[in-house]
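Paired with chain B in one complex and with chain C in the other, chain A is shared by the two complexes that follow.
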Partner chain A sequence: MSQAYKIKSYCHIEEGGLSLNGQVLYADTSKPFAEFIKAAYKAENTKYSKFFKMDNLSKLAFLAADVLLKNEKINPEEAQDIAIVFSNKSSSLNTDRKHQNTIEDSSNYFPSPAIFVYTLPNICIGEISIKYKLNSENSFFIFERFNANHLKTYSDILLSKNKAKEVLCGWVDFDDEGHYKAFLYLVALEGDIDNNEQEINKLYNI
Partner chain B sequence: MDALKQELKEFIIEQLNLEDINVEDIGNDDALFGDGLGLDSIDALELIVMLDKNYGIKLTDPKQGRAIFESINTMADYITAHRTTN
Partner chain C sequence: MHKVHVSYNNIVSALGFSTDEVVKNIASGKTGLQVIDDKNIFQEAFCGALIDNQALDSAFNTLAPQKDYTRLEKMMITSLNEVVKSSGIDLNERVGLIISSTKGNIDVLEPNNPFDDSRAYLAELGQQIKSYFNFKNEAIVVSNACVSGVLAVSIAKRYIDYGVYDHVFIASGDVVSAFTLSGFHSFQALSKAPCKPYDANRIGINIGEVAASALITNDTNSLSNDAVEVLGEGSSNDANHISGPSRTGEGLYRSMQLAFKEAQITSKDVDYISAHGTATLFNDEMEAIAFNRMDLAEVPLNSLKGYFGHTLGASGLVETIVGMQSLKNQTLYKSAGFETLGVTQPLNIIEKTEQKPLQIFLKTASGFGGCNTAVLFKKVN
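Presenting the complex of A and B:
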């Protein structure tokens, strides 16, 4: 019989709100995303100057992961055995569009290196891995819609094959100002919520 | 020259997304990389693009950047001597 894994904790960032395990930590629906995420970062006392150089998708993923991992008392100074399995619909489209704007006019062709480096969705995994010294397995999948079954299956395999002790899973999507969402959760041997499709979908839709 | 140095500081803060740093915080001789302002390799590439876009200066050898981008003073000196646009 296969081991039943658990969800230890989860974090949401969407529509101007940041919550951890269902508890609102910061909310301001009046601000555009750039101001909201900066204010949420400061409210959470997240000291990481490279945050301000990240693209919107990485800011979204990084802050959600940081809030969740800090709550788990993860020490960023020690190497961690936590795998990452992320997914979304828009890939890095928001940044891809910005890059396109810098190269579409051949008479004004100045691609920005700082924008170009974020034209892949899995760069956000790198940002989290650098901060938390994660040298573990990681994957980023593109789906038409949230796919709880895939995340459950993939995290179960990683844990049962001893590829990692815990798996940071979820959905982090940034299309434009009005369409963004991060839902990350940590899967491990112990926790209060079953790591099954029904529970994952329930948490996603909170 | 002072106007150029002011312009460079404003560009660096704005375009390189330096949070909580003001123009007054950057000395003309302060190191921009390493223990100074803490700029990184992507910032260096961004500065190379800025030289081309704003001042018409094309660096053919990126290694030149090490000396040019040492400080605001070295950048301003190089731009003044090599700029092809006003």
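Presenting the complex of A and C:
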């Protein structure tokens, strides 16, 4: 249980910027989120049509995961044993509010399955699992603020109990247009950064 | 490594406010489901299982609360209070708290709700429960669709096995709200009559509400008379579709394989399956395929959705607790609503409540996002 695991790579999307391992890949702070994320998707040559039906949280999580896993040369056509452990503060509230708006006025009542299905935070894990054929362990946790201790402990548990070979974990939060952030990182046996609370917090705050 | 057990527990539901009362009602064939035609709850009549507001307020007020709590918080505090009290455990830093819910206080978004919208943040729900009981550790909130309740048991076991905690209290709950009803209604999934899991004449799902709580512990001095050992657990994603289950039952099959591997037992050792059984064609069929792939077709199986409805983030835990009572009472409870097999693969659905020697049961759950969880439990003698 004392095996020390490593962080192989990490990805951030926040404030109109997308970066991988600390290097900016795309930035445009002038655009609203919907336009920014679409432009970042195009800049990364992502080509995945399901992306456009996703809600904001899933777009955020999916693009961060895709950029990171693509860089790791993960082949989406091959089954992988990568667990997904995500966390955030706002659950799916951004989409919850949209669904609530569709039912509030009985004279203008239009709830839609296409919106309702995204009123769960773990749907974004499902989206990533579909693209990368991850028939693996997955959990979504909610905390008041970023909790490096929990992510470190939980990824250690999954790896030491052989529940997965690698763990894609981190924080994906979309509260509203002005408050969103993705910070994902991949934990494995080998890598350059120690998987400890201090390093995780340092990377989160980059 | 010490064994991990599910011990003291409680259910607050339409069928009663204690596990014993709920199980007596199930044994006598009573259901919590009824047709509700109340525009204040939902614009259309629906069939669901609701907790009586007066009964809830009266139970909650005996705790002499010092401030206002939401309906869900009242349910969860009332339930968890029974478990904390009967366990007698000191809530020190070796004691964890897990909250399992899909939507938490989502009803505060309704315009007439007196609570501030900020109460809808799930961490706020965790904080309210933590503060009420004075837990030393921050609540770990799990929101993983309809597997949340049983996944919480897996997570508690993992934390205890890893040495972080000696005891973990789980409080799970979701309320029936216009939010959830309108969403499932838009999927055309809601049944207007009591649901019929695995039945040829199934008519869709019912939504229900419960709060269920349990103590997970490695301390053999903290075991209740219905305690069970957690033998093994596993989770796996279908990687197939976000709102429909895999047609091959892949994620559920893999979850069960992982649970059996950890438990070091085989399908032949299982005496009873507490399945998910939402009573939608796709779910029931997917489960039938997965259970057959695991050679579990002959094991007696039920869905408890015909008693509680689908209670979302609490369903996995409330169904685990009823499964514990099956082992304690050596009784298989009838799968309410079932008459004629309506899946393409054989399943041994429990058609009448009867006594039977039972040692080990399997609990499974599946949910939106493609998630699946399976956990194996063994009777403590």
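Note that in this section the second predicted complex is superposed on the first by the 205 of 206 C-alpha atoms of A that agree within 3 Å, B and C clash if a C-alpha of one lies under 4 Å from a C-alpha of the other, contacts with A are read in each partner's own complex, and residues count from 1 in each chain.
Definition applied: a contact is a pair of C-beta atoms (placed from the backbone, for glycine too) under 8 Å apart; a residue touches a chain by one contact, two chains touch by 3 or more.
Computed from a prediction, not measured in an experiment: that's the story for all the values here.
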item: Which superposed partner A:121 touches (first chain B, second chain C, both, neither); value: second
item: Which superposed partner A:9 touches (first chain B, second chain C, both, neither); value: neither
item: Partner chain(s) touched by A:144 [first = chain B, second = chain C, both, neither]; value: second
item: First (chain B), second (chain C), both or neither touched by A:103; value: second
item: Touching partner for A:94 - first (chain B), second (chain C), both, neither; value: neither
item: First, second, both or neither for A:157, with chain B first and chain C second; value: second
item: Partner chain(s) touched by A:136 [first = chain B, second = chain C, both, neither]; value: second
item: Residue contacts on chain A - larger count, chain B or chain C; value: C
item: Chain B versus chain C as contact partner of A:52, first or second or both or neither; value: first
item: Touching partner for A:195 - first (chain B), second (chain C), both, neither; value: neither
item: Contact residues common to both interfaces of chain A (with chain B and with chain C); value: 111-113, 117
item: Chain C residues within the chain A interface of the complex; value: 43, 102-104, 106, 109-111, 120-124, 126-127, 138, 140-145, 151, 155, 158-159, 161-164, 178-179, 182-187, 234-243, 250-251, 254, 258, 367-371
item: Chain B contact footprint on chain A (complex, rising order); value: 49, 51-53, 110-114, 117
item: Chain A-touching residues of chain B, taken from the complex the two chains share; value: 15-19, 38, 42-43, 45-46, 49, 52-53
item: Touching residues (chain side chain A, partner chain C) in the complex; value: 1, 84, 89-91, 93, 96-97, 99-100, 102-104, 106, 109, 111-113, 116-117, 119-123, 125-127, 129-130, 132-144, 147, 150, 153-154, 156-157, 160-161, 163
